[in-house]
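In the two assemblies presented below, subunit A is common to both, partnered first by subunit B and then by subunit C.
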Partner chain A sequence: MVRSVPTWLRLAAIVFVVLTALILLAPLIVVVGVSISESQFIAFPPNGLSLRWYQAVLSSDAYLGAGWISLQIAAVVTILATLVGGAAAIAIHRRQLPFSELLATAFLSPLVLPTIIYAIGMLMFWSAAFGPVTPVVLALSHTVIALPYVVRTTLAVLAESDPFLEEAARTMGANRLQRLWFVVVPQCLPGLAAGAFFAFNISFDEAVLSLFLRGPTLTTLPVQIYGQLEFSPDPSVAAVSTIMIGLTIALIAIIERMLGLNRFASA
Partner chain B sequence: MNDRTENLLLAVPGILLLALAFFLPIAQMLALSVAGPDGPTLAQFERFLSDPYYLGVLWRTVRLSLLITLICAAIGFPLAYIMTKVGPRLRLWLVVMVILPLMTSVVVRTFGWMVLLSRSGLIPELLRDMGLVGRSFALMQTEAAIVIGMVQVLLPFMTLSVLGVLTRIDTRLEEAARTMGCSFLQTIRTVVLPLALPGIVAGSLLCFTLSASSFVTPNLLGGARIQVLAASIYRSVTATPDWPFAAAQAVILFAGILLVLIPYIRLTGTRHG
Partner chain C sequence: MATVRLHSIRKSFNKTDVLHGISLDIASGEFVSLLGASGCGKTTLLRIVAGLEGVTQGNVEIDGRDVTDLPPEKRDVAMMFQSYALLPHLSVAENVRFPLRMRRIGNREEQAEKVRTALETVQLGHLAERKPRQLSGGQQQRVALARAIVSKPKVLLLDEPLSNLDARLREDMQVELIEIHQRLGLTTLFVTHDQEEALSLSDRIVLLNAGRIEQEGTPAEIYNRPATGFASNFIGSANLISAEIVAGDTGPVARLADGQVLVLAADETARGAVTLALRQEDLVLSADGGGPRARIRTRVFLGARNRYVMTLAGQTLRALAPNDRIFADGAEVSLAIDPARIRVIHE
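The block that comes next holds the complex of A and B.
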């Protein structure tokens, strides 16, 4: 570098980053703080320390039920989105289909279309055609919005892969299935794994589709929290929210350990 | 079996899923927005566009979304730039700082703001203590609360889109500008900013689209009196079940977003082709 950055600008940059960190993280810190409060009411900074609100959550049928539904749906979405999205990404990457450009756009389009528009369409279509919304419908809709993430991460990994490996396997006598399973899929693995984690996170945290496609017996955790916030929030909402934040931190740590965050952060 | 059949088999589950659970429902929604008791009608659109209340909702949505996008760009660009200049360890922490809120449920983040902005919350209290505002000052149920909450929700999207472009800029360009006598700020203005523009534009479109179509944060922070278009759609679906009207409002939202998106796609399309 030539002349370095002036000192006042460096200081300004530090202040700026600290302030931005505060804006970005403040709501999360506050939620964690409220969750360990002793008080009956939501208060930050917390009055006293206690884990009573976690106890309240763990003995609440409403939260446990919603959490169980969310977990089941997220598990189905993770498997479905990873299989379907991964297969589609391999097909798109090979560029042998006559309409592969169009296909790539189609698979990424749920990313561009606002979720609320899709949610309305899904609600109207399924209730008109098949009656009340079922967990399957919610899982399918979550899969659709998770699909682009799997396709993108898998395509990103495939773009760096060596096309001649498959060629080599072919000359050595591997058949189609063997080439796919022993050569292509292992190469995709980091992308598939990252996509799977994103898919789980999207489904578990998703609120818009879940609000539109909810039913008396179909309430996911974010919908349950939203309902509480609209009417009578007490610190137990903060305890559930803190558990969800904890899960997100765990997911980020796993992605960073296994694959490196930087790789997918700016992709 | 040849190559084409193999690839087709790989893509078919995805194509079926998208067709049945994505494109068909959207087509159904479009059809319902013009459905009337006797044949296609534009009555729902007329109802929306001739009612000053709904026009006000539309205008508020556009105004707030523009403001939110602008603030996100003003914070997101410098943040992304700083991220490219720091060491790898600090950079990782900054990435985590951006991604952690992004991957946390919107409901949870909005709850945090509800606590911070409420009457007895930290921020109004602080402003009152500093004597900047009067006793009766409140932030909840105002447009300011919506803007604050939405900026936090959308800033990660802006930061990551700008970061994606900035990391691909050749750093020697900046050094060249500095050796030729540019000051630091001149270098930013004449070299970095123009090169980062595609990222800023893409991030802005994303922010605008997402903020125009979100209702969870505006509903919880703005309350029932301050409606935005997406919140009004949600109400038309749940509170007063009126699906054709909800569909028409969704189409208006969609058309508005396309109006912003299409010139951009055209622009980038010609640049690449």
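The block that comes next holds the complex of A and C.
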């Protein structure tokens, strides 16, 4: 007979879950709270309610410009990371390349490499080899740190796929390109979509690389927020952060719905 | 429809020989089964015909054309996989249309018509818009079959297609395969480890053992006249008993290790040490009816029949006997067998 869980353990589990949720969510609640404050200063709980800081953000060229740059870079990174990571995952999955184990490790290594070290290295390498950094360099660096996510999510869906599908497609007359397009890519799609979502988010809120590789005209949103916090902190930082939280939640909802629908359709 | 000719096919994986020079001619429209235990090379041979596997030596001809170096997509064959290999993101109809699309056979309307016909052939017309995962195993299997026949390939290759189905569905599918083969007349190569399946479906059976052809012939030939000990044991799981043939008073008899004798057919010419193949269903048991005596070790109830495991002259013997008479464990029984049903194998 299975013995029931003792009461003290049950209580401990509840406390654990509540603490986890609190530590995860409390900072976000504080940020949202501060963003709707009347006050000039960052203070929680908020003094009075107002949307003036949202108005300030939406009429600030600095924030809007930085946001626009972040969006553009994130878009480029999403496309690049998805294409490169997807292709890498397919190649690694087939194990037809020599050293494919080594390649897999290489593609996942940005996960464990400290970003700040990579940022310093990239800055020194690029300056020495090609001169001043440009937005392209930042997009490339973001792509590198986003790659592991695309590779992993795509490898995960490929691992569950029927290994005979491609052979079956061959016997049905599909050539190499047709097999890639009609058999392999459709199987990868959920993984690619999830990877693209990660890539976008990683680029959009990445601060370390963006700090090191920024140029006079290249300020991303996280860098702008950081600068604002450092030099003239006011609740506009909280307001812009709340907008970012909202955007991320919306993106998750969209992806979840798309992938959910996709799963449902093929279920 | 086309002929298939395999000419001394050899295949090695990492210096291990899997096929040792297989030659086989398949007539146009013939249904040939490759029968053998797992690891005998039957699936490898099928994959070689498909082009999914290269050969170490020898060549493959389809319809008189040497296709040995042609990749699968350029051979006009269709293969049905054990796992069915349906494309999960495509509907049933799209799956069946896939070979037509890849091979650019017909325009959209013609393709739709062919898909409809193929799905009706396997009685799945009403499920055309479903996704494979919404179907049962048996239905998925029919979709795979429809997809294999839709383009009327020169050769249809079936890799143990019935092994994932339960017994009842398997019988239904066997009948369906026979009917589809009769209707379309596709040259068919069928891989199976199930002798009953091979016996009931094929025009010809090719029995493979360890990468060699052990025997080939019609199901009746293979069943009634197994050429080797392996063949008689594999087909009908016959008992293999060693004996010595000597001339008796009225004709040749087989003397067993303990001196008991089995009467052989009068025209048996072999003499000396041989192996006898005694089919389980040919042994007749009686309490005391003359003939060699054997001791019953175990009885297994099979419903309509009983299987007895016995000891005869120090060797294990199995017999299938009707249910009207039950012998207890440990009992001594007499064995009778029609001399014409005894196969003598020269090893």
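Keep this in mind: the second predicted complex is superposed on the first by the 252 of 267 C-alpha atoms of A that agree within 3 Å, B and C clash if a C-alpha of one lies under 4 Å from a C-alpha of the other, contacts with A are read in each partner's own complex, and residues count from 1 in each chain.
Methods note: a contact is a pair of C-beta atoms (placed from the backbone, for glycine too) under 8 Å apart; a residue touches a chain by one contact, two chains touch by 3 or more.
Fair warning: this is a prediction, and the values are worked out from it, not measured in the lab.
In the model built by aligning both structures on subunit A, subunit B fits alongside subunit C without clashing. In the superposed pair of complexes, A:V183 makes contact with subunit C only, with no contact to subunit B.
Angle at the C-alpha centre of subunit A formed with the centres of subunit B and subunit C, after superposition on chain A: 100°, rounded to the nearest 10. In the superposition on chain A, A:F212 makes contact with subunit B only, not with subunit C. Touch criterion met: A:L113 reaches subunit B, while subunit C stays clear of it.
In the superposed model, A:D162 makes contact with subunit C only, not with subunit B.
Looking at the superposed arrangement, the partner reaching more residues of subunit A, out of subunit B and subunit C, is B.
In the composite built from the two structures, the nearest CA pair linking subunit B and subunit C is 10 Å apart. Shared contact residues of subunit A with subunit B and subunit C: 265-267. The touching residues of subunit A, when paired with subunit C in their complex, are 162, 164-165, 167-175, 178, 182-183, 186-187, 189, 265-267.
Against subunit B, the residues of subunit A that register as touching in their complex are 1-3, 5-6, 9, 13, 16-17, 20-21, 23-31, 34, 42-45, 83-85, 87-88, 90-92, 94, 96-97, 103, 106-107, 109-110, 112-118, 120-126, 128, 140-141, 143-144, 147, 176, 180, 201, 204-208, 211-212, 222, 225-226, 229-230, 233, 237-238, 241, 244-245, 248-249, 251-252, 256, 261-262, 265-267.
Those residues of subunit C that touch subunit A in the shared complex are 50-52, 71-74, 77-79, 81, 83, 85, 87-89, 98-99, 102-103, 131, 133-134, 147, 151, 157. Those residues of subunit B lying in contact with subunit A across their complex are 1, 3-4, 6-8, 10-11, 13-15, 17-18, 21-22, 24-29, 32, 75, 78-79, 82, 91-92, 94-101, 103-116, 118, 120-122, 151-152, 155-156, 160, 163-164, 167, 175, 178-179, 184, 209-210, 212-216, 219-220, 230, 233-234, 237, 243, 246-247, 250, 253-254, 257, 261.
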